[in-house]
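In the two complexes below, chain A is the common chain; its partner is chain B in one and chain C in the other.
The block that comes next holds the complex of A and B.
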């Protein structure tokens, strides 16, 4: 159950590359937002952003609400097509690949969302929630599904007896684990975590962060970790991008950005975090 | 004159849960809640979701509705037991002497009324002030919370404001009548850190200036540490530790408080596993089973057999009733300054900062 399936791709190219991607919402219709007084929405959500993510690397993406970080995450996942710019997966434009390779490239990137309640189909039991995709995509046979799901449940710290439960029968922390298990079920190489721990209490958040750390080490996963919580991002990321008004205003190795922020916006963000004096 | 502004005594609160087969059961959601707050002081009420923080805030304002109800205890505000007051008396207090700010400002704001209408209403409901003066006071209140161009804001509707601006308006409304007590229930949780910092600083300054006492409810220990004088840590409907904010957060004596502080990623070596509290916050137990052992024992690394059997005494009882009767003044003075914990094995600290639990 490792993510080694696609290791035969060229090693030299970064796993994921975005080249000057831009996306503007609501611009394609004839109605101008400016004309009805909503000119504050007229800027692009993502403006000429480039980024690279190497295999095994965790990239943190921080910024305040409305800065475009979720939109950028969806572009990185291939869920949204940018208006301009390119998304390259292992150095290739996924849309140029044949159908089978396109499907595999999609499976390679999985998302974990903040609202685990909305992200899980309330009418499906854990077995279907987690086991449906790997069967459909031929990773496992239908007869192997139950064992596969039990293995995943146990790996994310849930119990095998949870296999017949519905999402509403889990606590918030357990649902976060369920979302992680579902993402892992198709053996991805990149996890995009969009505020994945933001809704959790600090004690449960620590449990889920520890789970992500150990899964990352075990499966050699890459992660794009999107969050407004600078402490969480610092704990998980090798490199960090600071986003403001659709643009990356600062990027670099996590510790250097946190210790020597260059951009005024990064400094104001860092200064705003309440600090607990520790003994 | 030394009497506290607010004194919550032995407050028990239950929520009735309907059961088809088992019959209705009362779940104990707040148990033996006991704390007090002096005039002009800032109290941080912290804990994880489901531990009863908001319930406490709502109980003080008389906002609990069935199936929740208070079964025991007193809430003394300025010497008057709020639980004995009728609805008209409470309405007179709310928004005037006691005000509340909620996490979602749209709980406070009416979406179809302009800001000025709502602010003037909030003043005139309690004080016979001419419209012009009320309007001037409203503009001042908005300006004090750092809103630019208050005259323009007053003419706008809530939907024309951003989330941060709306919350500033809600806080300005709460502070309009210079309340003796402001209860703020996670008002900045949904806001960005930069906005949060500004609002926290402004509210702190305004409360100091007006002499308002403040209860700030939050799950964020670090935020409370930058704001409050005193702190109450809640777990499973109980106050498990309280005291001066620096003392409690630097040398927490309850294993739960210690666990909460340690679980936050700040200050740990990046990439290393975080110290975690195993398990989850328990659901409130039926009243019949409440008080059987410490609620935190199943998650606690220091728990002994005794923790599973008897519940530790609430912090207040440590200062016995005789003490209170004989020396009311000293009692309040000491009580405000000391750190108290509801635990059989409170942590102690050696000179080098290492911790261990007291084993009796």
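The block that comes next holds the complex of A and C.
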């Protein structure tokens, strides 16, 4: 399989490919950064999941809580190493690349977190929060940091005056924007949104989703949008994957999955959406 | 956070400002002890045993005023307190800072690496903490002998485990939070995540522990001196001065213990006020 993947290494290779990845929890030696507390994702294993994501595509990943969506998202982000199976970025195994290419490949995929409060270091002001990584990686010079951060803040709908604020001085919606700005700062190609809007109230949700849509168009971003909210996923995605108990049970173009669900689990998921009765 | 911002933060709280001023005053007195003290209590030639146990306000044989009285050796209490303040502060803060540095390094290393390094460091800390502090210090002093440097080392040996444990517990919680994951995702170097992201978020509980520990280090030093294993009686710390007057308390010669006790009280209270405010200011979430 590896040989085939390497031959496929061409412009036509999908941006991200997961080939039959599996992850069981409980075996700490398999955790990629064992020094970091990933043992908290004690959900069920990801079981033999394959997926492809083309450049510019938005892929929705739906499923109930605990089905392994977040774990799959972190495997896709390269933060967790699967027990078996392969993760290919632009047709290549990132771990085989040289240091510079590896770093670029890591920066190319950024996570947007559900809990925007815990996802932002409480001791850093916006300027360092957003500007640290681009300076460390030499994307910008330290002297350009402030301007760079102001640009990003304005792009995500925050004010230039917010640059010296700490995370706790922002509202939930603003913190979500701050998290998006931090990801954008390293010029990624793929955003993995892990329940990115789930914690926000509905009107703010809509604003943040519209922001993501406009950023997607402007920067040609690909997105893996993980959510339990079927309506949000439908609104955003080109294709949808339905996950249940660690496996992908159904995949296809968004409208066909929503109109003609093939799998019984998808049908029950769709039927569980509360609707207003017709008057 | 700059020093100026910190000072401004202090000014917003009258109590903290009072604590800071008091601490500054005590520090100044301790530093200037050699200049402002009427007598050098370390110079045995200046002491006269016939001046012993004079009540406050009496004059020594030499004619000098003993504002706070004298102890049984004929030492001017005011001078002894100023010099004692200096020793107590030096030993208390010195041992705390040293223990803090060692405990912080070991604790955060344990939390970051996990595995056998974590197990080794924390089991040593457990063993250390299972003995009474006084016992460990006694053994060390019995082996190494007396002197302020030895007692400093003994206090460090007793204290580091508290910091290691506190820091590890905090670091374990903090490293599991999403902002560390985000830093990983941003491909920041491990040492940078450790020093710039993890460490600052582990400091607030340590600052609180440290302020309490300065006080307890001073108290432990006094205990050791009282037991005859700490500082020699010729170079008394505050704790030793209190211990000296202890046997005279019931005979009405209160000043030998009372005034060093008051000085110790003021020192500890001011340290705690400053530490408390510092914790609030260093944690943006509490502002």
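In this section, the second predicted complex is superposed on the first by the 247 of 279 C-alpha atoms of A that agree within 3 Å, B and C clash if a C-alpha of one lies under 4 Å from a C-alpha of the other, contacts with A are read in each partner's own complex, and residues count from 1 in each chain.
One rule holds in what follows: contacts are C-beta pairs under 8 Å (C-beta built on N, C-alpha and C of every residue); 3 or more make two chains touch, one makes a residue touch a chain.
This one's a predicted model, so the numbers in the text were calculated from it and none came from an experiment.
Engineer: Following the superposition defined at the top, how do chain B and chain C come out on chain A, clash or fit?
Structural biologist: fit
Engineer: By the touch definition at the top of the document, which applies to A:153: first (chain B), second (chain C), both, or neither?
Structural biologist: neither
Engineer: Could you tell me the angle at the CA centre of chain A between the CA centres of chain B and chain C, given to the nearest 10 degrees?
Structural biologist: Result: 80 degrees, to the nearest ten.
Engineer: Is A:231 touching anything from chain B or chain C once the two structures are fitted on A? First, second, both or neither.
Structural biologist: The first partner, chain B, only.
Engineer: Of the two partner chains, chain B (first) and chain C (second), which one does A:186 touch, if any: first, second, both, or neither?
Structural biologist: second
Engineer: Is A:166 touching the first partner chain B, the second partner chain C, both, or neither of them?
Structural biologist: second
Engineer: Report for A:120: first if it touches chain B alone, second if chain C alone, otherwise both or neither.
Structural biologist: Once the two structures are laid over each other on A, A:120 reaches chain C alone.
Engineer: Let me test your reading of the model: by the given contact rule, A:59 touches which partner, first (chain B), second (chain C), both or neither?
Structural biologist: Touch status of A:59: no partner.
Engineer: Scan A:110 for contacts with chain B and chain C and give back first, second, both or neither.
Structural biologist: Second partner only, chain C.
Engineer: Between chain B and chain C, what minimal C-alpha to C-alpha distance in angstrom results from the superposition?
Structural biologist: Superposed on chain A, the two chains' closest C-alpha atoms are separated by 9 Å.
Engineer: Taking the complex as given, what residues does chain A use to touch chain C?
Structural biologist: For this pair, the touching residues of chain A are 33-37, 40, 77, 79, 103, 106-107, 109-111, 113, 115, 118-123, 132-133, 136-137, 166, 168, 179, 182, 186.
Engineer: Would you tell me which residues of chain B are touching chain A in their complex?
Structural biologist: Interface residues on chain B, with respect to chain A: 48-49, 163, 192-194, 196-197, 200, 219-223, 225-226, 246, 249-251, 259-261, 263-268, 270-278, 280-281, 349, 353.
Engineer: With touch defined as at the start, can you tell me which chain A residues reach chain B in the complex?
Structural biologist: Interface residues on chain A, with respect to chain B: 64-65, 171, 173, 201-207, 209-210, 213-214, 228, 230-232, 234-237, 254-255, 268-269, 271-279.
Engineer: Under the definition above, what is the set of chain C residues touching chain A in their complex?
Structural biologist: Per the stated touch rule, the residues are 112-115, 172, 175-190, 192, 196-197, 200-201, 283-285.
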